[in-house]
Amino acid sequence: MRDSQTFVQHLSEALPYLQKFYGKILVIKYGGAAMHQASARDAFIRDLVLLRTVGIKPVVVHGGGPMITEMLTKVGKTTEFIHGLRVTDRETVNITEMVLAGVINKGIVASINRAGGRAVGISGKDGNLIEAVKHMPRMNGDDPDRPPEGIDIGYVGEVHKVNPEVLLSLDEAGFIPVVAPLGAGGEGETYNINADTVAGAIAAALSAEKLILMTDTPGLLRNPKDHTTLISWITTCEVDSLRSRGILSGGMIPKVQACQTALAHGCKSCHIVDGRTPHAVLLEIFTDAGVGTLITSHDTLEDLISQS
Amino acid sequence: MRDSQTFVQHLSEALPYLQKFYGKILVIKYGGAAMHQASARDAFIRDLVLLRTVGIKPVVVHGGGPMITEMLTKVGKTTEFIHGLRVTDRETVNITEMVLAGVINKGIVASINRAGGRAVGISGKDGNLIEAVKHMPRMNGDDPDRPPEGIDIGYVGEVHKVNPEVLLSLDEAGFIPVVAPLGAGGEGETYNINADTVAGAIAAALSAEKLILMTDTPGLLRNPKDHTTLISWITTCEVDSLRSRGILSGGMIPKVQACQTALAHGCKSCHIVDGRTPHAVLLEIFTDAGVGTLITSHDTLEDLISQS
Amino acid sequence: MRDSQTFVQHLSEALPYLQKFYGKILVIKYGGAAMHQASARDAFIRDLVLLRTVGIKPVVVHGGGPMITEMLTKVGKTTEFIHGLRVTDRETVNITEMVLAGVINKGIVASINRAGGRAVGISGKDGNLIEAVKHMPRMNGDDPDRPPEGIDIGYVGEVHKVNPEVLLSLDEAGFIPVVAPLGAGGEGETYNINADTVAGAIAAALSAEKLILMTDTPGLLRNPKDHTTLISWITTCEVDSLRSRGILSGGMIPKVQACQTALAHGCKSCHIVDGRTPHAVLLEIFTDAGVGTLITSHDTLEDLISQS
Amino acid sequence: MRDSQTFVQHLSEALPYLQKFYGKILVIKYGGAAMHQASARDAFIRDLVLLRTVGIKPVVVHGGGPMITEMLTKVGKTTEFIHGLRVTDRETVNITEMVLAGVINKGIVASINRAGGRAVGISGKDGNLIEAVKHMPRMNGDDPDRPPEGIDIGYVGEVHKVNPEVLLSLDEAGFIPVVAPLGAGGEGETYNINADTVAGAIAAALSAEKLILMTDTPGLLRNPKDHTTLISWITTCEVDSLRSRGILSGGMIPKVQACQTALAHGCKSCHIVDGRTPHAVLLEIFTDAGVGTLITSHDTLEDLISQS
Amino acid sequence: MRDSQTFVQHLSEALPYLQKFYGKILVIKYGGAAMHQASARDAFIRDLVLLRTVGIKPVVVHGGGPMITEMLTKVGKTTEFIHGLRVTDRETVNITEMVLAGVINKGIVASINRAGGRAVGISGKDGNLIEAVKHMPRMNGDDPDRPPEGIDIGYVGEVHKVNPEVLLSLDEAGFIPVVAPLGAGGEGETYNINADTVAGAIAAALSAEKLILMTDTPGLLRNPKDHTTLISWITTCEVDSLRSRGILSGGMIPKVQACQTALAHGCKSCHIVDGRTPHAVLLEIFTDAGVGTLITSHDTLEDLISQS
Amino acid sequence: MRDSQTFVQHLSEALPYLQKFYGKILVIKYGGAAMHQASARDAFIRDLVLLRTVGIKPVVVHGGGPMITEMLTKVGKTTEFIHGLRVTDRETVNITEMVLAGVINKGIVASINRAGGRAVGISGKDGNLIEAVKHMPRMNGDDPDRPPEGIDIGYVGEVHKVNPEVLLSLDEAGFIPVVAPLGAGGEGETYNINADTVAGAIAAALSAEKLILMTDTPGLLRNPKDHTTLISWITTCEVDSLRSRGILSGGMIPKVQACQTALAHGCKSCHIVDGRTPHAVLLEIFTDAGVGTLITSHDTLEDLISQS
């Protein structure tokens, strides 16, 4: 009975958060440990169903790194690198699409459905959700006296345009959309796109309430080797400053860029959270302290302060 | 952090109940200690707002006993009794209406609104919600050789018909309806009606998912003096048997009748719960054990067993 | 047959008014003789039902003066006065709420319903209709060398904000809303507010077609003692001029202020009419001459002239 | 002022009728004096606009006899008769269509629009409203030993089927439909159909509340030469009896047949009224006495009696 | 089989045009040979039904010249001319209305319905579609020293205002509207209006995608006597230039004016096509070459070029 | 010009078919040559877009045989056979899902989108579209004296239930759904299901107008080696007879079963057509002769005959 009292007390404490986020869209990049570790995964899937049930609307964008590599190995595909970047030829992008849109996407959908939710999995090609263009990275070693040239590393794409109608239809019909980070180019060719980037672009297109990026670190760290240097709250300006000082490590750069894109298009707040923590998403939404790092635009920060 | 984990774990455990009751109507008779004791009252009000926020639809019917007596005393109104029944003359019913529809009803509304909900208070006269007829109790000492005659104890009414349109409009607009247990007779005269009876009739008219009657006892007791004899689950047949054996005390009779009316018209289950327990309503809805006494029709009982 | 011809001739004459006011909102302050005199009251109630039936939408705000005083006397409550203003302590405001929201409001509702209409009675606390603040009157005798101070006369309120959603929902569902002039303050405390003021604020919030204030005088009089000095039509500017010259008596001041508030927020015209005249509201709406005093803003006046 | 009081008193007396007929469909056959006499016509047109304004839905079916004859004469068309029936050849039906659908229909529409209403005129060919078949009258002098044969009198039609969608669309968009009594046959050929018959068939297809046939007599008369023998109320059974006794004169037969068709398909009551009386339609709808003859089915009569 | 392949190949080639015009409104002036020649008429009627079936929305405005003259002759009406203009007295306009709204309009409707479409025929008087004013032509020989005076040639009208609600209601209900080119003046009087002018005004009011005027010539000709001088594409500026140089013959002037009116109010393109060519409308819509003359505004022309 | 005339003539001939199939659902099993041969594939994709544009609603179910085998070979997966049936272990079903839901499904979607359509690709796991159970084939050589036992050949499934909500939502939003033939079992495990079977079950669940199965043969043949023995029209009864006589070859059996399932649940007609013929689907829908074999239920056959 005592436990029951604590239980209903906790439900009651959730009220202000339920009121605040009712009907709002959360775009969640799902990946890393939360995808591979059984207990974190189960908790995450149940969290999605819970959110939809109480009227909050999650849109899931997933990654799939290790499984792609595994499959490439299986088919005996060796990967070429140019200046340290993996070249994605047509066969590689086909394998990537198979793994992302074929197995991982449908696996997440089946898990949500088994937990009593109703999910539909699509890729960025469905309903023209993601119009993509080729990503042409520039090399650091480019001759500064020559015009910079992008390098063709194949079917790695950037988001050119988001057409969110298919997400809105699924949302209206009560489904949780699950999105594989692929897009179609102008000739119908397939591009693999960074999942954080896709999540950011979708959050921007939907003016989502929150963008939540799940990682395998506690969040942004001032010193990547020291977890006690976690940054709880940071503005986009300060992020720029960290980047220019070289403090942000490679993998964090597309994440903070995704946050900056989302914030610039009306998304209220962005979160980099540790997917290894069970129920990390609920902790982020239903507690004031939150978890991981909160990124806001300069304006929003001031708004938040003036409200408190 | 440990506490946060317990907290989100609890939210997660609420999922099956949230799914089960989404969009369902709960008719709640609110009265007794839950109305007068500050902490139980605050918890109850927050529970109502929580339920509406997560898509469950409470309809509140309130009582008001002690405050009516207090007001009658204040205006120097002495009450006549016939065969132990209080005679309700026009002045008494006017005072009753003032207290119920004027102060108590609007007080509950204001509390819900302050807790972030949106409530609208009406009486059974609004929108013709409750069409009433005079209640004519029969005396035990009636001459068995003569046709039984009801006794006129004034403006005490029975529910003749429920017109639930006003509740449905408020519900559709997102308001929590709060109902004072009064009704209008054919000549427009006001009747005071037992709040449990009104709640039962409304639950019947709306085919509510649950009827919850809040009392100041733990539930139905086999021995009213011994709280350890609480009946957790009982069918309407067995209730009849208890009544015929004289085990049910006076105040419980209108309650079990209200439950039987509701069950006979499609309400799924009825609950007599202890309003002194904080969050009694949440405990009832969000735990399997529930609190107090569950009353179901014979059929439902079998359904419930066959499902488990 | 001759009578029948006159009858249908009259119906036919109503056509231009029916066309003009179809679908429009009329806010009506109901009080005085029209509330207490049987024949004027019955006619008024039937007029409301008629208006709703032909597609015109009345919103009724009622007062309740004498009945409140009567009830205060009954409970032995003596009233304190400061500088001639009645102090409204918590017990007084409770009695006021009881009488207004409990008895009078529900009595009007029951009368409309008996006449074949469908009414729902609410107070300004329902659905947060009226957010109130304390009214702090200033004294004439204030030391001009000191900063003016308001006097605390208790739970007498001003309208801070109107949230008309509950009126719109009831309206859409075909109900006639009947409003008791009370409001809730920031702490949930109840305030009694002048009914003319509430009617004016609601007419403003709804941009009503007309605000009709029923009184027990023929309208605005240039000489309050001489009924032949009735002002048929006046603009808000001229009202200001009358006020500054001290021609408007005490009770008229909140009425003309209510009209000015309504006109300033898009209400087309305001009327102060004599509630003792049977069918005063119909006379106002369905005849060119109208009854009582018409108040319009300067602009509207010019529009009306240019149209004729 | 005294007149104004009578005026609003009259409006108030209309309330029960307004409530009873709100949203109901009235099919009105318009013809005879009400079409040709200026004052009766103007009153009728205004009555239509009044009915639509207060939420009652008239559908007008018009005739056009004299104007057709006049036009036939003008073009020098002589009419052949067989056994006393006018033969309608293609040229005759073309002239008929021109007059009915071209001039009369559009004239009524323009009058309604000028009176502030919104009318749309169609013929039975529009939207396939009336599917017609050739009318083949049988002769009394047919040889009883030979199978009866219909006589081909050309493009005179019967109603085969009514497709009321076009009326319902116009109705929903707030227009008053005005119908010329023509229909298309299976080969697209045009048929002229008796306007009473068309009105009856439309009233049947729409299950109209009332069918009102305007004539130039006071109603059904027991003795056609004696206006004091007006039948106020008659059932369809009694109508059959009158017909079999030869009491109904020629022109009345299609009228009572139209009423019987309408009543057999759910129309509540049928009325044969004197179009020479100004506002005859309003008198019928807004007074208990009505005007002319009321025809009901046997069942309805009993219902009406049991309700009173 | 070979034919079938060509057939489905052709359907497949229609795709880009079906996509481009889906849901768009086409206003078509129907007249001349396409109305009188059996095969062109049948093809045209089927084309209308086809367009509506594939989601393109035709609005038909028809003329009726020769049939009106024929009818006037039949009734022995001689026509007066002033300065070469036909004077339309009341009898003439009545005959005109009869023929246009009575016979021709309903004939087109019946043809469409027989072809499996659903048409409703109205005139410009229905639903106040066309508010008309008297057309007062000015004479070339007017004394230049005197203020110019229009000549009263009777009931010949100009379009004053278009109220397209009735077209929109019919359209929404899935009907093809067929419009007779008449209008009502301020006093309810009927005006005959040039059908091209009406079509242009309706295309303007609906911001139609296309206005198609069917004629009995191949289109605009630089030399009216030489069909090889057909102008395929011309802008409104160039049209003005042709007019000022006197190249446009009399009948073409109202047509090009109708086009200019439509283009000035958002209609995308106007077409003058040869109604003698079977399926001229389909050829115009479903082929790039089109038929006849395309008139666009200067801006649109540039848009079209920049797109190709 | 002559060609243009033939072209629009053909469009015009399509009218009766456009009218007949407007708004109807066609379920199309897409596979074989139509998927692999460039010109047939391009024609098919355009046909889908054409159908949706003219208001006919295709639902595509695709197969993927050769590509799956190719991928299994690539990853070095050898396939075990039991009694001639391929055993589908977890790795095999994963590869199958990758190819079907990952590459083929998204490839079709991208092609439709490039052709100007709007497609969304899902698998039977999305929105719980296909609830599957394990397929347990029985062996011919089973000991007739022992109870028959199914053989476990792994993740090959049967359709247990179809939940078509996701198809209906996509349809309502204007998308063409493209379905990969997979389903989820009770434990969330993936099953590969025969695409013809899935198409039949979906046609049944949607009571589709037509089920069209594309194959690489001309249709059902009385003698599989002789294409001149094509059966144009056959009833389900006769199909049973053919099967019992062993005339139907292996691959045809699931096809005719799919047709029988669809017909038994309200699908009007089923078609087995040769996907190698360009525009086979259009030929089937827009010509009376059709292509391939038409299968109808006995009842429908009689209906069709009685209609002609």
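Lettered A, B, C, D, E and F in written order, each chain numbered from 1.
Quick note on the criterion: a contact is a pair of C-beta atoms (placed from the backbone, for glycine too) under 8 Å apart; a residue touches a chain by one contact, two chains touch by 3 or more.
Quantities reported herein were computed from a predicted structural model and do not represent experimental measurements.
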>> Relative to chain F, which chain's C-alpha centre is the most remote?
In response: C
>> If you average the CA coordinates per chain, which chain's centre is most distant from that of chain B?
In response: E
> What is the distance, in whole Å, between the centres of chain B and chain F, each centre taken as the mean of its C-alpha atoms?
Replying inline: 57
> Can you give the whole-Å distance between the Cα centres of chain B and chain C?
Replying inline: 36
> How many angstrom between the C-alpha centroids of chain E and chain B?
Replying inline: 70
> In graph terms, nodes being chains and edges touches, is this line, ring, star, complete or other?
Replying inline: ring
> Where on chain D does chain C make contact in their complex?
Replying inline: 4-16, 18-19, 22, 43, 46-47, 49-50, 53-55, 116, 278-279, 282-283, 286-287, 289
> Tell me, which parts of chain F touch chain A in their complex?
Replying inline: 71, 74-76, 94, 97-103, 105-106, 109-111, 113-114, 118-123, 125-128, 165-166, 169-170, 172-173, 175, 182, 184, 187-188, 190
